[in-house]
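The structure under discussion appears below in the form of structure tokens.
Chain IDs A, B, C, D, E, F and G follow the sequence of writing; residue 1 opens each chain.
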Amino acid sequence: MATVILISQVLMGIALILAFVRVVRGPSLPDRVVALELFASIVVGLVGVYAIRTDVSSFLDAAIVIALMGFLAAIGFARFLERGGPRDD
Amino acid sequence: MEPVMAVAVGLLYAAAIFLMLRRSIVKLVIGLILLSNAANLLIFTTAGMTRGAPPLIPEGLSAPLGPVADPLPQAVVLTAIVIAFGVLAFAVVLIRRAYEIVKADDLDKMKETDT
Amino acid sequence: MRPEVALPVLLPLLSGAISLLFWRSRPMQRFTAVAGNLALLGVSLWLLVSVIQEDYVVIQMGGWQAPFGITLVADMLSAVMIVLTGLMGLVLSIYSLASTGDGHERFGYYPLMHLLLAGVAGAFLTGDVFNLYVWFEVMLVASFALLILGGEKAQMEGAIKYVTLNLLASVIFLSAVGLLYGMVGTLNMADAAQRLAVAEHQGMVEVLAVMFMVAFGIKAAAFPLFFWLPASYHTPPVAVSALFAGLLTKVGVYALFRFFTLLFDQTLGYTQELLIWGAALTMVTGVLGAAAQFEFRRILSFHIVSQIGYMILGLALYTPLAIAGGIFAVMHNMVVKTNLFLISGITRRLQGTYELKKMGGLYRERPWLAVAFFLSAFSLAGVPPLSGFFAKFVIVRAGIEAEAYVVTAVALLVGLMTLYSMVKIWNEVFWKSLPEDNLVPTEEVVVGDDSRMVPPSLWLMYLPVAVLALFALLIGVLAEPLMAMMNQIGEQLMNPQGYIEAVLGADVGIEDALIEAPDEEVSP
Amino acid sequence: MIETIKGFLILTGALFMLLAALGILRLPDLLTRMHATTKAAALGVILIMLAVAVHFGEVAVVARAFAIIVFVLMTAPVAAHVIGRAGYFVGSKLWSGTVKDELRPNYDPLTHELKSGLETDSNAVHQPRENDPK
Amino acid sequence: MMQFAVLSGFVLAAFAPLFHRWFGERVSFVLAAFPAALALWFLGQMPAVMRGEVLFLELDWVPSLGMSLSFVIDGLALLFALLITVIGTFVLIYAGGYLKGHRDLVRFHIVILAFMVSMLGLVLADGLLTLFVFWELTSITSYLLIGFSHADIEARKSARQGLFVTFAGGLALMAGLVLLGNAGGSWSLAEINAGGIDLREHDLYLPMLLCLLLAAFTKSAQFPFHFWLPNAMAAPTPVSAYLHSATMVKAGIYLLARLQPSLGGTEAWVGILSVVGAVTMFTGAFLAVRHTNIKKMLAYSTVMALGTLTMLLGIGTEGALITFVTFLLAHSLYKGALFMVAGILDHETGTKDITAMGGLRPLMPVTAVVAIIAALSLAGAPPLFGFIAKEMMFEAALEAEVFGWLVLLLAFVSAFLTIAVAAIIALRPFFGERRTTPRVAHEAPLSMLLGPACLAALSLLLGVLPVLAGMGVLTAAASAVMGEPVSVYLSLWHGINLPLVMSIVTLALGYLLFKRWDRVRAHLARLDPVMARGPEAGYEAFMHWVTVVSEWQTRILQNGYMRNYILVMVLVLIALLGNSLLLRHPLEIAFELDVRFHEVVVVAMMVLGALFAAIARSRLSAVVSVGIMGFSIALTFILFSAPDLGITQLLVETLTVILLVLVLFRLPRFASLSTPLERVRDVLVAGSVGVLITLLILTAWGIDQFVPISEYMIENSVPLAHGRNIVNVILVDYRSLDTLGEIFVLALAAIGVIAMLKLRAPVKPAKPAAQEKESSHG
Amino acid sequence: MVKSGTLILHTAARILMPLQLLFSVFLLLRGHDEPGGGFIAGLVAAGAFTLYLFAFGVSATREVLRMVDPRDLIGMGLLFGMASVFPAWFVDQPFLTAQWWTIPGIDFYASTPLIFDIGVYLAVLGSVLAMVMTLMEVDKDEP
Amino acid sequence: MTGAIWNLLLALAWVILSGDFSGLNLVVGLVFGYITLVLIEPQVDALAGYPARVPRILKFLGFFIKELVQANLRVGFDILTPPWHMKPGVIAMPLEARTELEITMVANLISLTPGTLSLDVSDDRKVLYIHAMFLDDEEELRRNLKEMEYRALELFR
């Protein structure tokens, strides 16, 4: 089981890196925001796996918060774009 | 893990200071955000980092079963995070108002009050 | 249960909260401002009486024994600072009734002031390092908000510097707190003092010392960390300037005194040298900065810096007498500098400007204002028998007794330069005739703080000025009881064991705090 | 058995995450990238949360794991819609291989009006609704 | 009675406005009754003082500092006290006439009364600090008096100059007195003078002496600080007569005399005092001849007298010291009278230029007589008191041992110059052909004549009957200065000796100079460019330098560039941290690497997020990167057992990003504003901070010497605080005060934001641009 | 011409906001024992209102809040916070000493720490909401 | 009626979230649910007839998961293999759904299904614009989408 968890953590770690690469590469703000969203999702996954690994269910609360609140930033960015804010790319 | 974290926190401080040395107010405020995060991490790291043992006591017990992470730095950092949020929110709005009034993002154009 | 130790913090918090809750009602705000500050002055006097009787008064907040909870503790230093805070609060709230306009009152002027005072009082009373950080932030954010109240261009420019550089200081402070906890595992100042004294890694103790020094040095506006002050203090509404000038920087000075007598006295030598040269350069740069200015509040702002140097010198000389002198300087400066700012507000209201070159004729027009200014300004320059004389004299005496001749000479010369600026103001504002092109308008003056029309002779503005001018005189003429207190402060700060025992209990030893006793500390 | 299920769920979940990340990196334009993230990442989270549910087995934890699943299912598409729409409307370039765009002709970038193409003359006029900004 | 003498004047000064209301025009006489009464009281003390009794009074002031208000009356004090009160009486009466109807007469009375008692306090003081306090008070009151005509820029400038010079001396005095008090082991002058400690042998004798001399020289207008005194003539003439001839300027001399017993007689003392005194004497006499403004001439002649007094103290022999007290008295009498005469002339003719006056004798006969008597005394002509003083002065000069020839030469030259000045003052206005003056002259009123007449009469009386003075106060005064009893016997006729010859020669030369004065002045005018580089130019240069340096310093330090401010602060931090951490102490770092891949990735994301935010070209990329960093930090918290922190960080990060986005909408895009070189510098600075922080964390983390207080918190969280989430228990119970403060911080930030956004500066009505500028420009 | 939200966002906000608010209360009440507490809960609640703000704009959000201005929330929160300070005084214990009261009949403890946490919750919610709302309000008013 | 159901739902959610299944906690949940509903009451109007649909929900869930996994695999395959097989495009899908809740539900489900992404609803709420990744067979796609909509609407009606 430990191996499975380790592998999954490595996979998700790589996923984090890839998402970050997209943040850097852009090219436009929406691309970056999407990558940020993905980043948050991967964090939820990592937290879930970590909860299993440590056998501490309290970590799930963090996952709930991300699941429930994480998309707010994206909505903020979208609102910015729709109100005519520059995409800055 | 602490050595890695130490280096990371050092880099965070460096990035923050670098940003604060720019002329753009936006960069300045982003630098401030990084800086306060860096300080929080410094507290967290210096006190020692523990894996998988949050300072929570299982129901029905009066003390944790094994050693847990030091809760005090966590409380301190939590307070610091919220304080920093308030302060930075103020700072963010301040640069906006300053920009509206001074009509420049350039800090070099905001030196009338000094000399 | 010693309520008087906590009430100076809790009362303004309560006043602030009430004032905030009734943000729609201006009469309520104004009432709370005066009543709350009156109560604050009352409890601070209560605290002073307690401290006079018992030397140290302690309350363990939340009922948690030190060092586990947060301890509020008053020694003579804290008590004196608290009384001054109460006095400033009351005086400024009364002045504000006249000087503050609708807009400011509607957008939180009084709550901000209450909370600023709470932050200041908290900083003076807390016995906990992180709690000190929290009160610093309360104070700081309140000052941010007060600084921008009104939203003038100059305010915004000043505020950006003020905010940024103070935040930098906060972060350094916070980092140092984190390192301190990582190193000695406590946040209680008395406990930390004990632990630092036996810490094996003295290099790290010194590092902490310099970090706190830089952080508080920025807060106190010491050389070369003062830039934020002259850039901003002349921009806000005048009562706010006065409040900042009187109280805020002194909190940084207080923190320096507290930390470098309680926690870090063992690193003396190196840090003392740093403080001495810092103090000297602060005095000189501040006073020279003022010499170049021709704007009332800018001159006063630079002088704050200079006076901070005096105070720090008191600490740096590190004898009971010097510390007494340093704190006397703090006390005197709070009264006098506040008053000078308040006077600048009145003159501004009378003549519509802070520019010395455009002002004049007030010696004839407002003789009593002239007397008040004369007392305050010459007190600042250290003319006997006004309050500033003792501040200067005691430090000079301490400096000579400590054989620190160069820095003492600097302190004396700075006195001369202070006179230079004060005479400049006096000559321009009071003696010189009003320039032809800036004759006082005959109708009521529209004041910049807001658009309310106010008759220029509001007694509410004169009353605080008169009271403070009287204080400037009385502190000098009736210096004895105050000097006795200052001497007690000097003794208490130089012997921190009393503070430590008052906080931790008389029978507490360092042994419990050690994971394993260091070899040389084991006593048979 | 339970271990195997758990392991499978975790691994697949992680793999979907990676897939999403690969997708966002490789796919050529904003909208196609969003396909990858919204679904694959959501699926990844769902799988891992199922694993959590299996692992802990307590009612309270299972409930929370399902809450997370529900929340992800509720928020992910909303976020995708909001960003996708904003990205599309502010002119993110579509991939050159895009074969069809039925939206563009119905959208007025000045007024932000979006027609359905099914309007009759009578209902083509934009009717103010209660939530429009004043 | 003594405290009454010293302190009641302040009360009287405070009530002066009331007296004005009660007595109207006669107020001067009423007020003059006060010093007159004091003078009588002091006269009454004379027998006791003559018997060698010392009256002493001590009031506690600040015992915690060892400071008391203590006063003593000995011979020296009594001499000065009498001068102050007697001349004060006449000056008050005189001023009543001189400033009749002046709208600021009340203020004048307040200040001059305050000055009078300050001066009394100064000469009666026994405590070192008492002395200092009153010393400074005389400086301040004098400032107000010089600047009496404050609408006049010259008056303001002169007042400032006088204050500066004397205040600078005051600072030296403070240092000197502290040194003296520490060295002498007492804060009482009497005790120091009587004490067994020989201060002359003290290690700090020289610095102490120099400080005190600096104080005395500035106050008493010794070369090179003499320039402020003639400028102080901007004051109304009663002030000049009182402060700048008889009293305040003699405070420095008084100090020297006071210290003579304990500090005098050393090589340094004798050398400095004789030479400075002689040079001052000559300077004063020489400059007096150059001027035509009658007040300036008198002022320089005062400088000359002050130099003489200093010189006499320097010579320090018994004879010199007796001469000192005699000269002091003589000078006060005739100079007071002459100043008042000058005031009368100014008042009546409307000019101070002596060359513009002439033939006034028939119009103002009484004034003329008074002027001539006083001037004769100044010139040192028999049978006036000034003659005795001058004879004795020559005698003393002959006794000078250090630089004896120089002293003698300067004394001789000064004497004949002074005679010429005396002649000019006494003769030019009253004799010769009548000149038309701005005002039509007539005799002065009684109030203005009373003072000079009495003083002139005294000069004459004491000249004829010197024994009155010698028997009286002068013996006691000389004993006090000497530190041991001396007997003073004065006589008009000393027999034919060298001083008499010198007197005769100087009289002749002086008369010659008087005759050719106009031509000599024309020659001297050629020296103007040289004179312009005198000490006063030094003062001006100093003031200029202060402005230049301060402006330069402000430009350099307070330059307005925020990044420079931050740079300086950061560099200070780097220097101090680096020094303590790396140089002054050995670096002890704990190092133990135990990492997991995903942890490293998360931390790397955090760092990369931050770094990308730092270098991003677009603001929004930076914001997204901040978001990435925030999520990574949150995950770090979670991975290392801090779920509460993680959650908080996530939420705060989300809200921060939202705020940034809301705000950035209004802000411009990033622009690259710095040069590559600046960027390299900043990278180096920032990098240094980073390295230091890393080392600091590792060092602090490696220290495991103490039990953290949180152990108690963990143990008692459930039993005492009834909570299982220890972090929350800390927040709401153990350290709830922190949390209380914290919610107030948030609330404050919110108020600030609301105020900033909603409370806008009022749109100003169309006002001229100047008004607009003034709020933001310096 | 700006839309303050789309149909989909409207619906989502209507459903999610109550859910988030509920969740925030949940976090608040069990914060003493599990992760959560006044701060976190307050921030979640503020987030909930922010979502609503984004979807419907300021005036609609004010309607939801009815008479309660965010500033009132701040004041109430601070007063709640202060309210937990003083009870200890009446039993002669230092300020802020926790007081626990059993509510008779049911298995629930009221305590000053709970009151305090509620104060924190309200203050955090009020402050954040005030900031975001004011920012949006001002933006709307500006050209 | 709608309000009561939501109230109960919220109360249940409360009980589940808190993990405390006591009667008292249900009451607490009901109270909070009630408060919440009072808060949102003016905005929510489309909550009619909810409780009878639990079996349909389960059935729909199965269908949805099948779609989800299937399509995910297809997208994944395309991502992992270098040449692009996709033929993306934006299509307009006429909507059966009428109420806001229905439209949102349908749009979200479509978004969650790999290969399709709801971009926006036309102002007159008649058409949903969808970005699809695989437009090889547009008719097939439209059919699938319609089925999804149909099944989803069944839950509400």
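Here is the rule we use: a contact is a pair of C-beta atoms (placed from the backbone, for glycine too) under 8 Å apart; a residue touches a chain by one contact, two chains touch by 3 or more.
Note that the structure is predicted; figures quoted are calculated from it, not measured.
Participant: Along the graph of touching chains, what's the shortest path length in steps from subunit B to subunit G?
Facilitator: Contact-graph shortest path, subunit B to subunit G, evaluates to 2.
Participant: Which chain's mean C-alpha position is the greatest distance from subunit C's?
Facilitator: Greatest centre separation from subunit C goes to chain G.
Participant: Select the chain at the greatest separation from subunit D, using centres from the mean of Cα atoms.
Facilitator: E
Participant: What's the distance between the Cα centroids of subunit F and subunit G, rounded to whole Å?
Facilitator: That pair's centroid distance is 29 Å.
Participant: Let me have the rounded angstrom distance from the C-alpha centre of subunit B over to the C-alpha centre of subunit E, please.
Facilitator: Chain centres of subunit B and subunit E, defined by C-alpha means, are spaced 49 Å apart.
Participant: As a quick test, compute the distance in whole Å between the mean CA positions of subunit C and subunit D.
Facilitator: 56
Participant: Could you tell me the distance, in whole angstrom, between the mean C-alpha positions of subunit C and subunit F?
Facilitator: 35
Participant: Could you check subunit C for residues that touch two or more other chains and list them?
Facilitator: Within subunit C, residues 13, 16, 20, 61-62, 130, 134, 137, 141, 144-145, 148, 151, 153-154, 157, 160-161, 164, 168, 175, 179, 181-183, 187, 227, 230-231 contact more than one other chain.
Participant: Touching at least two other chains at once: which residues of subunit E meet that condition?
Facilitator: Correct list: 554, 558, 560, 562, 566, 570, 600, 604, 619, 639, 643-644, 647-648, 651-652, 654-655, 658-659, 662-666, 693, 697, 700-701, 708-710, 713, 724-725, 727, 731, 733-740, 742, 744-754, 756-758, 776, 778.
Participant: Could you pull out the residues of subunit D that touch at least 2 other chains?
Facilitator: Each of 22, 34, 42, 58, 60-61, 64, 67, 71, 74-76, 78, 81-82, 84-85, 112 in subunit D touches at least two other chains.
Participant: Please give all chain pairs that are in touch with each other.
Facilitator: Per the contact definition above, the touching pairs are A-B, A-D, A-E, A-F, B-C, B-E, B-F, C-E, C-F, D-F, D-G, E-F, F-G.
Participant: Mind pulling up the subunit C residues that touch subunit F in the complex?
Facilitator: 1, 3, 6, 10, 13-14, 16-18, 20-23, 59-63
Participant: Which residues of subunit B touch subunit C in their complex?
Facilitator: 20, 25, 28, 32, 35-36, 38-40, 42-44, 46-48, 72-73, 76, 79-80, 83, 86-87, 90-91, 94-95, 97-98, 101-102, 107, 110-114
Participant: Okay, in this complex, where on subunit F does subunit G touch?
Facilitator: 6-8, 10-12, 14, 17-19, 21-23, 25-26, 29-30, 56, 60, 63-64, 106-108
Participant: Using the touch definition up top, name the residues of subunit G that touch subunit F in the complex.
Facilitator: Touching subunit F: residues 10, 13-14, 17-18, 24, 32-33, 36-37, 39-40, 42-44, 100-101, 103-104, 107-108, 118, 120-121, 125 of subunit G.
Participant: So in the complex, the part of subunit B that touches subunit A is made up of which residues?
Facilitator: 51-54, 56
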